[in-house]
Amino acid sequence: MSGDVRRMVADTARRIFQGQCTPELLAAADNHQFPTKLWSLLESNAFTKIDEEGLNTGDALVLLEIAGYYAVPGPLASSLAASKMMVDMGVPIPSGVVTCAIQPGGAIELTHEGERAVVSGTWVNVPWGRASDTVLAVFQTLGGWFAAVLNSRNVSWEKGQNLGGEPRDTLQASHVSPSFVQEISEQQSSTLRALLALSRVALTVGALERMLNMTVEYAQQRAQFGRSIGKFQAVQHQIAEMAAETAAVQALFNRAVYGVDQGEDMMRYASLAKIRIAEAIRVVTAGAHQVHGAIGFTQEYSLHYFSRRAWAYRHEYGNETWWSKILFAEIGNRDLWDFLTQPTRAE
Amino acid sequence: MSGDVRRMVADTARRIFQGQCTPELLAAADNHQFPTKLWSLLESNAFTKIDEEGLNTGDALVLLEIAGYYAVPGPLASSLAASKMMVDMGVPIPSGVVTCAIQPGGAIELTHEGERAVVSGTWVNVPWGRASDTVLAVFQTLGGWFAAVLNSRNVSWEKGQNLGGEPRDTLQASHVSPSFVQEISEQQSSTLRALLALSRVALTVGALERMLNMTVEYAQQRAQFGRSIGKFQAVQHQIAEMAAETAAVQALFNRAVYGVDQGEDMMRYASLAKIRIAEAIRVVTAGAHQVHGAIGFTQEYSLHYFSRRAWAYRHEYGNETWWSKILFAEIGNRDLWDFLTQPTRAE
Amino acid sequence: MPKFTLETVRLPETTEELRAEVRRFLQMEEENGGFIPACDAWLGGFSPSFSEELGKRGWIGMTWPKRYGGHERSEMERYVVIEELLAAGAPVAAHWVADRQMGPLLLRYGSEEQKERFLPLMAQGKSYWAIGMSEPNAGSDLAAVQAKLTPDGEGWRLSGQKIWSSGAHQCHYMMTLCRNGPSGSDRHAGLSNVIVDLHDPHVEVRPIYLLDGGHHFNEVFFHDVYIPPSMVIGEAGDGWRQVTEELAYERSGPERFLTTFPLLRVLVQKAASLQDDFARRDVAVLVAELASLRELSLSVAGILNSGGNPVTEAALVKDAGTRFERKVTEIAERLADLPPVQEGADPFLILLAQAMLHGPGFTIRGGTNEILRGIVARGLGLR
Amino acid sequence: MPKFTLETVRLPETTEELRAEVRRFLQMEEENGGFIPACDAWLGGFSPSFSEELGKRGWIGMTWPKRYGGHERSEMERYVVIEELLAAGAPVAAHWVADRQMGPLLLRYGSEEQKERFLPLMAQGKSYWAIGMSEPNAGSDLAAVQAKLTPDGEGWRLSGQKIWSSGAHQCHYMMTLCRNGPSGSDRHAGLSNVIVDLHDPHVEVRPIYLLDGGHHFNEVFFHDVYIPPSMVIGEAGDGWRQVTEELAYERSGPERFLTTFPLLRVLVQKAASLQDDFARRDVAVLVAELASLRELSLSVAGILNSGGNPVTEAALVKDAGTRFERKVTEIAERLADLPPVQEGADPFLILLAQAMLHGPGFTIRGGTNEILRGIVARGLGLR
């Protein structure tokens, strides 16, 4: 997709989110109400899937950054990632809400009863599982990696939520027959994990940008000791540091999108960005809350939609400690400078 | 020694150091000139050794804190630690300059030629080895731990220095006959190491106090943009943080001295203090240099006598990473709160 | 020489028996399901039954005179009891303000009548108090309070609003800082502390929900509440002095660095099991910092005990202590191999979630860290 | 939306050949003992022979017009060359100021005569320049400079003093910020930049030794130095504008985060060999931060390349970059299992010692981080 088209996608998305993500909608979603109307708007703009006619992966990441800026509720990232995998697998993308489950380590069983494949096992932290129609479930068995398309009604859901108040449900499949199942390469499973991780980075970058803007505005308006708090040097320096952290992750994220567009190895960018953003989350959320004082700490004021999500996203699909192992594997025996300046292409 | 006597020791030490540690003396010592006159003053006050008539271990630590405040040159800490071990071993403390060598890992050989014990091996980072008359050398062989008293003239010295510009020489003994050698317990070797580590903490606490004071004074005097830089909130907050770090390590060091006085396990306090002080060193040296600006970075201005020593001391006798392993061993299976509130006594 | 004189405080041998007694009690309570250890339980753990149990054991108002229901024990004995309670993550929120601030304030400034009326119930763990200082336009800048006291016969009428009043919906009384006269050139003149009965029909309490959904904070509105003379603390106009002197108590206590201790305790076990030198290093740094903070805080308690008013040292402890609490959270986040959750099977992940969600409050409540560093800078002669 | 627009800059394919060429050259030089990689070599590595070698290869003044000895290559090509030089820890101090600041300044503001006279030798790596901005009473506050320019016939006389002039004892010329008239109400008026010939007998250069004994800095005294009109840059009185515009060049370059790269390179190898997940974590955080800083710096170079003046963004890069350089040192200290030393057998310990001893300078030179954060705050609309 060309830069112009991408800008159009971004403008449309911003318009939709600005109109839809009202305080009421965010509060309702915080009580786990699925944002039905918003979702159909996204669907009708072909914003919920990555396919050859619509968004490509880079577009999807840019869309998610904007979604993060507005704290858009719903399993948008999961839907996008799942659709990408389905296209790669040659499976038609079903209508309705699609989410994505990727195994964190537990045992999944894949057996065959006659011609029928049967799956049993547990997947944790599935975004908005309870509200989904279809799940793309990825898992490893002794036989290799597999991806299965499951009807959400054929599995059971145990409700849970992340620190951002977003549904993260546990999927229990007991002898379920997938509508489709296929062996995938280890590379494919890594790429899916990298995309899910980058999608969390995208959402977080948007959230950090929003918190920075909110904090600057608040500091300009709020007065103490007879002047706006933004005039105090300590507040200025704290916000300057927030700005530096935000700019740094923005720059790295932009480079990741560019790298994805160029077909470069996605694990590289997922690990760099997931690792880098942990510190940015710490600095920006702490700074935003510190400058806001008590008000920022309340349910009524909207700062927490961004800070709580950012805290949660640091840990979803691997925190920076987990990704550090991947980064060292990526560097391997290469000289660090060579690694930094010469990205390898995806295999 | 009673509190009153300890206060007298401190007052005397302060008076001597204030008079002796002139910029000229410090500059000369930085060029590795041994401070002969200062050393005899210390000797005549019985400040260079721990023994039953003079200083006890707690006194020695308090003395070293004051020495750190004045950047006193010479192997005072080594001399004190060595004398303590000699007293424990029942060896008379020799006259002249005594230093202490403790093996960091290399191989030392102890053999016997008839009745004569013979030592060969290498000890690195021996404080002021080149200027010493006697070395207490501690080492481990397959047969256990040993302490040997060596005549400094019978060994060869390779010159080296730490980041503070203090002589840290490599001792090479080749077939040297100690004037005294004795097997010691592992416990004794640990206690010596703990004392050497605590002595570095003591010196550093003094250096941090000095840097804090220098920085406050400088901030009050130096003007930029038409007012003293101490009036800028960013400078105030940086210095406040330096003060908090300094106060924290002071408090912990004071507790360590008290614990030593009470006969509590010294490894406990050495590990806690060595670990805690690493961060204080980082914050206080960075803050002091930042507030001082370029001037603090020059040889002429005395700040570096304190900052460079503090940087060096973080790493002498094990940095905080090394001591973290010891701390976890000290905690063992105990509940953390129990460990913190109930110090064990030395065995 | 050093800017602050912080002497090592020796806890007398007798406190160790007391410590053991408290520890046995807490262990039993925890085993019997009396409480689940939680981070920030001194704000969030409001349990009247637990407070009454502590009152029965003589662990509230410990240092107060016996004639007011106290136990005339030393400050150091009290210190040991509260640090044990905090380290355990026990639910002490109900009586916390009464024990820490209001009791001492009344003892120092209250009338004989006030002491007799309020202190015994406080010491029994049955009288719960809130504090009304902040207002929408007076946060860090407390001298800007506008809640207004107007003379009415022998007493006064109070109108205005307070905000961030912790526990006001569950407490019996609120100490309220208000303005009884103009400030004039001294911004700190014309302020008074009065006791407001929170069950007075002219008092309205509205909840403020926190970002984790918890209800601890409130807005409190005064619709011309009648304040009899017996509910004014000390002299009208003395409010500022009373408030600032009490801050040393509020700021140097072990609750300023033990909020996340229940998490740290589990974190040490986790690091011990990991066999990773650098994970242990990160955690060991926390342990050593905690050891230093405890010594600092004990030193300040020692100064308080001997009648000093260590304003600067207390500010320093709170600044360093609250930053420490957040470092515990950060290191725990590094060691988390699954996302933290508010409910679930793994106590580590639950304690971590509590610490993360409550974290922003640590460095704001009781004076923001910016205010505290300003106080330290003043103590150093920079302001 | 976002406060700063930092586009990803694509390095053209052609730069990769250039990069490979530079890398081969550096590898050969290092193998032949031409240099030993060092931290902070762009301040400390003064090597005329190395600079001349670079000049021969066309790697100085790369973007300048050919008629002045330049090579008319793109800013991005220059960026690749200098980042390779910095990453290698190569001794580029001799020509650094000429290439980075003085050449661009003369191209923008210099007379035709000045350009013809000075630029070609600079591009050959044979003309070395110092900068005279700070004075004893004008550090962060540059508008307070007092070095004085007095009219004398067609030219001027310069008297006064500069301090912290890096390399003044080894350089040929110094660009000197001085006062040619009163400031009046605008503190930034009445300032000029003049070129001082450092071999003029009326110029006195006194060494200032650094805490590690190194001699890079100097005090420079002007005893009524004659400044002919040909040595004034632009118009007298234009000094402030010239200085502030050039700061974006000075502040956003890769030298602001690569000073400790030689240490980081070895640190990564050390962490890879350790098999400790949390040591790797600490080092991975550095690698990821470096990757983000490089993208930021490239973005700023892109803005400069297209004629913009990214003052705020440059300040932000320098603030974040210099703090990063110190984080590298801190993490390396954690991984050091022996004390760092200035001389010895282990390159890791030597590079660490260099980084520690030079560290305090990183966040002071070229505008302290306090000044830089103030600039960022202004860019955000807070000042």
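Which chain is which? They are A, B, C and D, in the order written, and residues in each are numbered from 1.
The rule is short, and it goes like this: contacts are C-beta pairs under 8 Å (C-beta built on N, C-alpha and C of every residue); 3 or more make two chains touch, one makes a residue touch a chain.
Heads up on the chains, UniProt names are A, B, C, D = Acyl-CoA dehydrogenase domain protein.
All values derive from a computational prediction rather than experimental measurement.
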item: Comparison of B-D and A-D (more C-beta pairs in contact); value: A-D
item: Whole-Å gap between the CA centroids of chain B and chain C; value: 40
item: Whole-Å gap between the CA centroids of chain C and chain D; value: 51
item: Residues within chain B bordering two or more other chains; value: 232-235, 237, 278, 320-321
item: Numbers and ranges of chain C residues touching at least 2 other chains; value: 277-278, 281, 334, 370, 373
item: Chain contact graph, described as a line, ring, star, complete graph or other shape; value: complete
item: Residue ranges of chain C touching chain D (in the complex, touch as defined); value: 276-279, 281-282, 334
item: Chain A residues touching chain C - in the complex, by the definition given at the top; value: 104, 125, 160-163, 168, 223-225, 232, 234-235, 278, 282, 285-286, 289-290, 293-294, 296-300, 303-304, 307-308, 311-312, 314-316, 319-322
item: Touching residues on chain B, where the partner in the complex is chain A; value: 232-234, 237
item: Touch list for chain D against partner chain B, complex; value: 134, 137, 139-141, 144, 163-164, 208-211, 213, 217, 326, 330, 333-344, 353, 356-357, 359-361, 363-365, 368-370, 373
item: In the complex with chain D, residue positions of chain A that touch it; value: 69, 209, 212-213, 216, 219-220, 230-231, 233, 235-237, 239-241, 243-252, 254-255, 257-258, 271-273, 275-276, 278-279, 320-321, 323-325, 327-328, 331, 335-337, 340-342
